[in-house]
Amino acid sequence: MTTPADIAAHVLAKLKSTRPLVLCLTNNVVQNFTANLLLAVGGVPVMLNHAEEVRDILHSCANALLINVGTLSTAQAGIMQTAVKCATDAGIPWVLDPVAVGLLTYRTQFCTELLKTPPAMIRGNASEIMALAGVNAATCRGPESGAASSDALEAAQLLSSRTASAVLVTGKTDYMTQGGSTCICTNGHELMTRVTGMGCAMGALAAACTAVADTPLHAAISTAAIMGVCGDRAVARAQHPGSFATAMLDELDSLSPESLRQHAKLTMHEHGGTAIQ
Amino acid sequence: MTTPADIAAHVLAKLKSTRPLVLCLTNNVVQNFTANLLLAVGGVPVMLNHAEEVRDILHSCANALLINVGTLSTAQAGIMQTAVKCATDAGIPWVLDPVAVGLLTYRTQFCTELLKTPPAMIRGNASEIMALAGVNAATCRGPESGAASSDALEAAQLLSSRTASAVLVTGKTDYMTQGGSTCICTNGHELMTRVTGMGCAMGALAAACTAVADTPLHAAISTAAIMGVCGDRAVARAQHPGSFATAMLDELDSLSPESLRQHAKLTMHEHGGTAIQ
Amino acid sequence: MTTPADIAAHVLAKLKSTRPLVLCLTNNVVQNFTANLLLAVGGVPVMLNHAEEVRDILHSCANALLINVGTLSTAQAGIMQTAVKCATDAGIPWVLDPVAVGLLTYRTQFCTELLKTPPAMIRGNASEIMALAGVNAATCRGPESGAASSDALEAAQLLSSRTASAVLVTGKTDYMTQGGSTCICTNGHELMTRVTGMGCAMGALAAACTAVADTPLHAAISTAAIMGVCGDRAVARAQHPGSFATAMLDELDSLSPESLRQHAKLTMHEHGGTAIQ
């Protein structure tokens, strides 16, 4: 029987052997860390800032697309719309990272509009997923979630059934859901929230995984497991955020599929439309 | 009697317990380091790139605003003007970091105009503070100061009396002045000038401190002490700029209010309008 | 007799003593690492985002200019054209880093146009140099080269003879060529390609070197040797990309001219128009 840990190990092996090229249209704060994380784990990051070039690369060699709205500008919004259209036309999977959606009106409207062409996966914290699903989440912590990830499970399942996308809710526990199946990952450490861009870079990894996984849900499971296991290993070496960020990149580089399989804490739940708790 | 070190310890304790949300409108080079420094010391960084979103967050949950003109563009200038207006209307303290003012005409005019709505604090190196005060400083080192911080003390006192803002001049010795009081901080190390964005991130910390301190001068004192003490501790562990930057973030995370109180080298001077030397 | 290693040692000594100010018009992903690398090795980085300010600094205190098209936008393209014109008028050397040229049409046309005012040096990977020289290179790895650097030597010599610029092709082996002379550098390590911006920051170092070297070829030789020797030393301390990036900055700070002279693996070839192999 194939376990979720087998799936994650398989996806990591494919990442390392094929090194998918991921076009990352993401926020200004995290571009460097995102690129370094993709390079470490086994991907080729590309960041662009011009609609024509975005079209070029999506029609030539991109394997996946990340849309992260963390520092959305009017100009970037236009480029992102072009990118989603091109990716969809070309059959390239894309991932939406709806940073601070629900808190800020402009990006909430932008993401809602974007979802009319559903992505392979949506990755967000509890507040963001609840906002996208239309469930009100009390929050005023900017990019941080005001809710626990478990609070957002029902919203995630609702959002997934509406868009057919896989939904990955990250937090103390990560939830991955699509098509009546939900997987739970309990790896990872609180220190991951103390490094800027850890969640955003996870969105880029999610995009890389969609390029090589059999299904978006498999990609979501693999993303959570890879980040969580590396978080566990990094915190064993570094207990403060500066050195922890460095240790994460080192662990993402050295993680083997076999080690991922052994240390991933994943459990699968089938629920046929009923939310698990 | 309350010493400056008591003040700094009190402000650090409040930072860690309340974690103020700081909207950082800052330059492209330092956004990542700025966000990581705020997260390490106890703040929530938010970076935005759209006037409407800036308005939204200043009218909902921002506790302080940083304006840093390091890579000012025409578009960003417009967003910054909106931000200063909204912050002032909402009673949210803001900090100006006038990077390379005096050297470059466009940003000098922009900051001069901005100062008509005075901030809680202005943080700059000697050349920048002298330029803002209208005292000519010979410099041609780009973002680096051509003058020693002590040369700028009189200019800082002049600028503070004109704007009523606290002024923090950073350098080998840091000077913090407002309303006839000047405090001097002798913590810190030259290696801090060898990491890009150390001063800019200090401006973001200054903004966080204005959100929790009793007065802008207290915020300025706390900012200088926190950075200086962490610099002293980091250089004991790391003597080269790459590992020093990492060590700074680790020290900012682990610094306790009690340790700050013990190691801060702060002296207070009352002068009723006469410059101390 | 002056060896290439003597040249590199001389240029490094001048970098550390004069600290040239380098205006870096570069991509969003690498600005922080670029600035930190220049500060570590001995330069003053300045990044700007406004045509007027670019003119100001090129007419006052800049010593060199870097143009890196990694995340070229329409607005940045205009600023870059202004910068190249001002630098040329002011006699300030500039370096072109044609990231992903050949793969993306917009930037290929932009760089081709820019080359009508030839730079002091062009630094690129094999694919980029072949594309600029009009030799087709099969590649679809985004910013990574699809060809080995040795494949691009002939193209580099062609490009150099056409523009009179020094050409630096980076890869497993680095080739530096100009005016009938070619130098080969075999320092460096594959891990350098696993850190984002290592090549881009090398372009900024190249610009700094053009400000202090006797000839652009000397600058190219020095750039390759400095990066390569520091790469060798860093990999002896750090075998994974996170800690390797930190170690690189530390080594760039501590590298002495004498140590560079001893460890640089440089060989010079005179060829009078015939390609060496």
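Read from first to last, the chains carry the letters A, B and C; within each, the first residue is number 1.
The criterion applied here is as follows: a residue touches a chain if its C-beta (ideal position, glycine included) is under 8 Å from a C-beta of that chain, and two chains touch if they have at least 3 such contacts.
These numbers come from a predicted model, not from an experiment.
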**Asked** What chains, if any, are shared contacts of chain A and chain B?
**Response** C
**Asked** So chain A and chain C: same face meeting same face, with over half the numbers shared, or different?
**Response** different
**Prompt:** When the centre of a chain is set as the mean of its C-alpha atoms, what distance in Å lies between chain A and chain C?
**Reply:** 34
**Complete:** Listed in rising order, chain C residues that touch 2 or more other chains are 28, 32, 245-246
**Prompt:** Which positions of chain A touch chain C when the two form their complex?
**Reply:** 21, 28, 31-32, 35-36, 39-40, 44-50, 52-53, 56-57, 60-61, 75, 245-251, 253-254
**Request:** Would you tell me which residues of chain A are touching chain B in their complex?
**Result:** 27-30, 32-33, 70-74, 76, 100, 103-107, 140-144, 194-197, 240-243, 245-246
